[in-house]
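All remarks here apply to the structure that follows.
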C-alpha cells in the first residue's frame, strides 16, 4: 500500500456527510492506514468514537501523504490551498453532483479508494495562483488559489476603478464591479458567470475577467500563466481581495495586488484519466 | 416668467462646480426669481455671500416649482428621487461629459436657462420605480428610483440565491451576484454593464437583469412596466437593496422586495426634443 | 361544437408524424367535422385512404375556422404566417419536445382536442411583424413573421454595413453579420442566441439584435411594437431578408426594409392559460 | 542594406493608395533595391511608368526577402498567407486607421522604411493556422490563416450542427451559425465580435468560438496551439470553410475540417517593440 498516512476532509458543518465520512474512515482503518481528520471535518459522535487525531500543521508538513475530500467545491478548494503547497495529492469523492475535481462516486467509494491505494490511478496536475498584497513595500497578505483571485467592491454600491499591469506593462484599466484572475480550473466557475472563456486544463494560461465593466469593450484577456499580474485599485473606493472565495484582505487603495503562478500545483488523484469535456458537456447541457 | 421659486442642486462636496453654481444663482436672481439651495449643494463662500435659504421639505412641497441640477449623474438621480414625487420638473446642466438627462451646456447656461424660463422648451417624462421592502407583513423600507433597484450580495464572497415573481407568478430563480430591476432610463447604466438590453425611453417596460448568474441561460427579461415584481433572497445569505446606487436596506432573508411602477414620473425640461439615440451613439461609439 | 371546418398541418415531409396525423384526422371525422389537409402535410397512404381535400387558399379565406398543427417549430411558424392574417386560430400539438406554442401533448391528443372543441380552452394572442421590402418606391417583397425578420449576409464572408431608423429617426448603424428584429415570441429563438433579452409575451415591444457586431457596444435595443423600423444595407454587400427563417428577398443595397407591427395577431388556442415561464425555466434549465 | 529584393503589396483595386504605392516604390528604387509588385497591387499609370516586374511565385520562393504592405487588414492577411510560408518577413504601412499589424505611419513612410532597411527594427512572430479539408480520405482543400478559420452556414437560413474533437477527443457539439477557430492575432477580429476572449499575442493558444449558439452555455474554449482540431458538420446542411475571410471550400457534410498550428509563423518587422495593449486600449476605447 503506497499511502500510510491519510487526512480526511469532510464538508464543513454538514451533518449529511457525517455518516459517509465515518464509513470512509472505517474502511481506511481496515486497510492498515493511519487516518487524520482534516480541519474542515465536523465533530460528530460517530467520528468521536473512532478517536482519530486532528491533522496538525506539523502532521501535514511531515507525515501525511494523501488527502481525501468528501465535500463540495468549497471543501475541495480549501483542502487544495492547504495541501498543494505541501505537495500532498488529493482524491475527491463525488457527493452526487457531477464535479470537475471529484471523480470517485460515493456509491463505490470503498472499492474505488482501494483500487487507488493499490496503485491503479491517474494523476492530474492543476496549476495554482499565488497572491501577494503589497502596501508600502511590505507584503500584508498572501495566499494561494486553485480557482481564482478576485478583487471586488466591498460593501458599497459604487463601481471600482482599477488598472492592471502584466510583466510591468499597462494592459487595461476599467471601472467595474471588480476583476477576476482565473486559472483553467477556475475558468468554469465564477469567471464563466462573468463572461470569461473556458480554458483547457492543460493550457498554460490565466484569464483576466472584468466583472460588469462600465465600458462594454472591456473583454476577458487570456495571458501566459507565467506572467506577473499587478492590479491596483483607486484610493477612494472600498474593495477587497479574495482567493477561492475566501476574503484575504481589505484594500485602502495604495496596495499592489500581485498575482503569479504558484510554484505549487494541485496533484489530483483520479481513477482514470479524466474526461474533462464529458463533464463539461453534462454540467453545461451541451449537445 | 413661469417659474418664480427655483431650487438649485449643486454636485455634492465638489469645489469645481462651486463657481458655476454661484454664476447660475446670480443669474437667476437677476430674473426676479427666488432661489433656494438644494440639499446636495455644498456650502461655499461665494454662495454664503448671497444669503440664500436652504430648500426645506416644506418649501419643496409647497413653494418650489423647478429644480436645476448642476452636477453629475449622482446629483441628478438624487434630485430626481426628491423632486419627482412632488411633481417638480428638473433641468439638468451638462458639466462637460455628454449626458442622457442633462442637455443644457455649461457654456451657454444663462442664455439657455433664460429661454427655458421664457417658455421655449420641451418636456420629457421618465418613468420611475417604487420600492417597498416588506418583513413580517410590515414595510420596513421604501424608496423611489429613476435608474434601478438592485438586490446584491453584501459584504460576502458567495453568490446569493433569489427568486422573482411577477404579478404573483414565479418567473425565475437563480444564483448570482444579484439582480437589477431597471427602467428605460437605467437601461443604459448598470443594467447595460450586466448584459441587459437598451430600452427605448418611450417603451413601457422594465428589465430584470441577473448579475453574473451561475446558470448561463439566466438572461435578461423585459416585462411590462405595470407589473408587480417581488424578489426574495434565501435566508442565509447577506444581501442588501439599493435604489439608484443608494443602499436602502440590509436583508435577513425573510423579506419581500416589492418593485412596481412609481405613480410619479420625472419631468425633464429640455431645450429641444432630445436626440436620445444621437447621445447613445456618441457615448457608446457606434457607427 | 364550435368549429366545423378544420385544417390539419402535419410536419413537412416527415414520415414519423404520418400516423399521428392520420389518428388526429380520424378522430376529428368522428366529431362531425370537415377536415382539410394543410399544405405542409405530406401525402401518405393512410391519409390518401381518407380522401380528404387539400385546403385551398379559398377554403382558408372562406370556410376554415381552425388550424391544428402537428409538427415542430417550423411547421407552426409556417401555419401561423398563413392562418393569422385570415384570423384563423391555431392549436399546436406538442410532439415531444417542450414547446412555447404547442401545449396539447401527443399522448392525450384526442381527449384534449375534444375538450377544446367543446369549448374548454384559453386563447392567447401573439403579435406578428409585417415586412415590406421597397426598391425604387415599389414594394418588391412582403411577408409576415411570428418570430423574427432577419437581414443577414448572404453567401459571403464579409460583414454587412447597415443602418436602422425608427419612426424616421436614425437609431443605430453597425457592421455585423446581420440584424434581427424579433417579436416577444421570437425573443426565445434566434434573437436569444444572438444575445437578445427575453421579452414577456404580453410586452408590447420588439427588439433589434445586431448579430456579432464589429463594435462591441452595439447592443440589443427594445422599442415599442408600434414603431416603424426601416433598415438599409450598404450597396456593395450581398445580403438577404428572411421572415421566420424563410428567405424572402435578396438585396442589392438600394432597398428599404420596412418592418412594422402586423395588423394580424396569431390566435393560439390552449388547454389552459399557459405557464410561459414554467416552459422557459424547463427549456433553459433555470433554477 | 540588408534587403535587396522587396515585393510591394498595395491595397487591391483601390485608387486612393496608388499614389502612396508609387511614392514608396520610387523611394525604394533610390535605395538600390530591386522592387517587385505583389499580386494585390492594382495596375496604375504611375506604376506602369516605373516598368516593375510582377512578383511571380518563383521570385517569391527564391529571390524576394521582404514584403511591404500598403493596404488594410485584408491586404495584410492576403500577403501574410502568401509570404509567411516562404519565411519572408512583412512590414505593414499604417494607412490611417490604427492597426495591430501595421505600425509604420504613412506620413513618415520613407524615413521609417529607411531606418528599418538600415537595421533599426524589432521583429515579432505571429502564429498561423494550417487548414486541411478531408473528404473520403483525401485532402480536397488546404490553406493557411493568420486570423481565423471559420466554418459557417452557407446560403441558408438554418443553423448548422457541428461537433469538434481536439486531439481525438470529443470536446463540444452545437447548433449555431458556425464556429470560429482563431489565433491570438485573430482574437481581436471576428472572434471578438462573436463573444470570444482576447488572447495575448504571446500565448500559445487558439480559441474555438461558436457563433450565436442555440444552447447559451456553448461558450468559447481556449486550447493549446499545438492541438489537432477536427470539426465535422452534419450532412444535410449547406456550409463552407473560410480562411481569413476567403472561402476555401463548400462542405457536403462528410468532410473532416482539420485545423492545426502552421509550421510557419508570420514575421512582422516593426520600428520598435510594439505596444499591443496600447493599440488595443485605443481601438476599443478602454479606460
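Read from first to last, the chains carry the letters A, B, C and D; within each, the first residue is number 1.
Basically, contacts are C-beta pairs under 8 Å (C-beta built on N, C-alpha and C of every residue); 3 or more make two chains touch, one makes a residue touch a chain.
Only a predicted model underlies this, so the values are computations on that prediction, with no experimental measurement involved.
Q: Given the touch definition stated above, what is the smallest step count connecting subunit A to subunit C?
A: Minimum number of steps from subunit A to subunit C: 1.
Q: Farthest from subunit B in C-alpha centre terms, which chain would that be?
A: Farthest from subunit B by mean C-alpha position: D.
Q: Could you tell me the distance, in whole angstrom, between the mean C-alpha positions of subunit C and subunit D?
A: 41
Q: Averaging only over C-alpha atoms, locate the centres of subunit B and subunit D and give their separation in whole Å.
A: Inter-chain centre distance comes to 47 Å.
Q: Multi-chain contacts only, two chains or more: what residues does subunit C have there?
A: Where subunit C meets two or more other chains at a single residue, that happens at 192, 216-217, 219, 284-285.
Q: Would you tell me which residues of subunit C are touching subunit A in their complex?
A: Spelled out, the residues of subunit C in touch with subunit A are 216-217, 219, 285.
Q: Taking the complex as given, what residues does subunit A use to touch subunit B?
A: 150, 152, 154-155, 157-158, 176-177, 190, 192-195, 211-214, 216, 242, 245-247, 284
Q: Across the complex, what residues on subunit D touch subunit A?
A: Residue positions touching the partner: 163, 166, 169-174, 192, 196-200, 202-205, 207, 215, 217-224, 275, 277-278, 280-281, 284-287.
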